[in-house]
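We call the chains A, B and C, going by the order they appear; numbering starts again at 1 in every chain.
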Amino acid sequence: MRNFISLKDVENVQELVNEGIRQKKAPFAEQALGKNKTIGLIFFNQSLRTRLSTQKAAENLGMNVMIMNVGQDSWQLEMEDGVIMNGDKAEHVKEAAAVIGSYCNIIAVRAFAGLQDRAADYREIVMEKFRQYAGVPIVNLESATRHPCQSLADLITIEECKKVERPKVVLTWLPHFKPLPQAVANSFCEWVNQTDYEFVITHPQGYELAPEFAGNAPIIYDQNEALKGADFVYGKNWSSYTSYGQVLTQDPSWMITQEKMALTNNGLFMHCLPVRRNLKVTDWVLDNQSVVIQQAANRQWSAQAVLKHILKEL
Amino acid sequence: MRNFISLKDVENVQELVNEGIRQKKAPFAEQALGKNKTIGLIFFNQSLRTRLSTQKAAENLGMNVMIMNVGQDSWQLEMEDGVIMNGDKAEHVKEAAAVIGSYCNIIAVRAFAGLQDRAADYREIVMEKFRQYAGVPIVNLESATRHPCQSLADLITIEECKKVERPKVVLTWLPHFKPLPQAVANSFCEWVNQTDYEFVITHPQGYELAPEFAGNAPIIYDQNEALKGADFVYGKNWSSYTSYGQVLTQDPSWMITQEKMALTNNGLFMHCLPVRRNLKVTDWVLDNQSVVIQQAANRQWSAQAVLKHILKEL
Amino acid sequence: MRNFISLKDVENVQELVNEGIRQKKAPFAEQALGKNKTIGLIFFNQSLRTRLSTQKAAENLGMNVMIMNVGQDSWQLEMEDGVIMNGDKAEHVKEAAAVIGSYCNIIAVRAFAGLQDRAADYREIVMEKFRQYAGVPIVNLESATRHPCQSLADLITIEECKKVERPKVVLTWLPHFKPLPQAVANSFCEWVNQTDYEFVITHPQGYELAPEFAGNAPIIYDQNEALKGADFVYGKNWSSYTSYGQVLTQDPSWMITQEKMALTNNGLFMHCLPVRRNLKVTDWVLDNQSVVIQQAANRQWSAQAVLKHILKEL
């Protein structure tokens, strides 16, 4: 594997899921692979799980890790070509990516959607510039439209927890007062759509995801209907794609509760975290019928599977 | 040792002091102990000595170190149970501690007192939540009411410097314009109270420490009287415990000067640092009759003793 | 080598340049040298290249690295002696440097010029205090008046790229709207002035550098005249030294363009980065006739040469 920016970079998803499960069983078995190799973790946005799990996975594989918060440790970066740089951005990504690439064997980047300009966000300008200029493999630590390290951890978790061969997986929108990116939901759809799980999406009218991500998954606007018989309830808030970046409703009836979970097939609640308790999902659900901690813990093995596959081809 | 949150976690203080002194003599002798083990250093507040000495101690023992500034690298964390999380805290400590615990073998946490709500501070909510949810040992890097890594380094320093078997140790309040936590003073009392040193506390009226920390140590409100014959003068400012978090006086006559030190038995000035020169203690004292650098340097060995004892029982 | 604060600390510049070129060829050949040695990277200002290249170089040599952003990770530091510390600086450099020195074998410090008080900046107070109090070697990661790690990388780059034995090197001022320090320009002059390159400085009237740095290099106020036949065009903006810290002009005709480069001997554009495109130099020059990425990449080898020479004498 050369890059891990989206699902398109993955030859064999099932093999990557299996690799994650193997790494979990023997975390330190391949430390020679990363010896004298360095990964740079470049954060344009805050992070908890991604920061720690990627650092840990890289060190498990014997790598050195360098971390930089853009705009805090370093200056802000200009992403647009051809501009006169007379604003607050002191360096162009053309130089920054190439320079970081000269110090690192792999660069991993987090850069959220701005949610102002849909075309710009969906062009994935930060990832694409790094891919273009860094000269080394790029790992997506959540970009404007995708979060593939999360999606891989999600699939690992479902594989570990599923009780039937072909579980019913429901992606449900959750209420929130702030506009959040579509990246996690997009990416989850993209990855689940290539499994043979039964997959259903539920959200209020106006929250339809981009067609290239939602694919052919059925959309059911009645949450209760969608949840019936679910083995996994994947909750996430996102802002509108069609009315881009807007919060169209905060309808609290979309919060996942014990009553909602009673509609499922003794289903397990999943969420990428961080999750706002009693706003998106109740304490009871998180404390009694969820796998969110296992899912977050699997971020370590998802990252380790990805880094191993990239290291092997360096 | 399972945790190192307070003195109560320590079976044998003298043995831990001796361990610190042993680690100082052979810093790299036990690197196998920490191999493939990771410590997470989680900072809710700024740090210089604690950050660097704990990282160094962990690396001396062969560990990997991951550092996270909460609210800067990551989001803010909610500590209260049962709340509707619709404010500025995006993640609950229940999830955060468990997730960090899934990546780390030990978690070390710094979280100062808020100084607004005494009951909340003295409940030690952050340490207790991490202890409850992390699933791995917790090390206190200064909490609302204690700073045990500092106290252990203080005892190591006194043991190294004492000229009599049972030195006279005086804890003296120092003036400051800002309200500071009681943690260092509390912790110093807690640790010294279980030695057989002669221990005296001096501070202005209204600055009495919590009884569970001050214990039976005599309080002398006349600083000059208290300093007489002291072998060690441990200076620290703290805000009022009884009028919680308030600055009752900034009386400059409490500053430690050459004249004050002349009252002692050629005593040595100690302070946990940072110290404001010529506000709390004069240049002359720091530059001529103090062991503050040795004391800070011993933070490395205090941390290393603690981590070794925890690693041995992992 | 004991310290690397300025050129004065270097016995043999040519040997250090050669060491950089050797390290580039065999980056991991001397990992035993840094085993159980720790470098502290202390940043009073932002950094991209310096942060990452120094960390990488140290790890290539087997060292452990601890990084601290002053005022962000830790408190602000007081630099002046004898003051009553009742402001926003909680710790004095006397303590901070000594304490950091107790945890580290080498300390590397970045602290830019304040540009308010020329005498203070040119006294190099931060570097000198660290040199005085740390008790371990100090590496300058850009100080008020110098950036020697950059200058060494610059010489390595010129040595790698030069087509004649004695190339013509032109240092040219570039336009910018913000007042920037003189450090990079000063340091470049200081280092080039001890080579036998043909060296010319060009800038608008009023931008004369301090005589101790400019030395005897000819100043040509006509940029076009200066560029004629240049093999290397080293661009940099700096604020006025004589009207200290002021922006006297932003004259856009000083921007380096394809037309300007046509005056040279097929010269190569150099810049320490970050560089503001189309303000200081055009896209065309950076994308077609520059070695800025190679120059930045050489920061790794410049740092590694410096650290190796210091480690050898520890």
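To be clear about the criterion, contacts are C-beta pairs under 8 Å (C-beta built on N, C-alpha and C of every residue); 3 or more make two chains touch, one makes a residue touch a chain.
Nothing here was measured: the structure is a model prediction, and the numbers come from that model.
S.K.: If more than half of the interface residue numbers appear on both sides, call it same; otherwise different. Which is it for subunit A and subunit B?
M.R.: At the contact between subunit A and subunit B, which are copies of one sequence, the residues are largely different (under half shared).
S.K.: Specify the angle of rotation obtained when superposing subunit A on subunit C by their C-alpha atoms, rounded to a multiple of 5 degrees.
M.R.: About 120 degrees, rounded to the nearest 5.
S.K.: Between subunit A and subunit B, tell me the centre distance in angstrom, where each centre is the average of that chain's C-alpha atoms.
M.R.: 39
S.K.: Would you pick out the residues of subunit B that each touch at least 2 other chains?
M.R.: Touching at least two other chains: 72.
S.K.: Would you pull the subunit B residues touching subunit A in the complex into a rising list?
M.R.: 36, 38, 40, 64, 66, 68, 72-75, 78, 81-86, 90-92, 94-96, 98-100, 102-104
S.K.: Considering only the defined contacts, which subunit B positions touch subunit C in the complex?
M.R.: Per the stated touch rule, the residues are 27-28, 43, 46-49, 51-53, 55-56, 59-60, 69, 72, 177, 273-279, 283, 286-287, 292-293, 296-297, 300.
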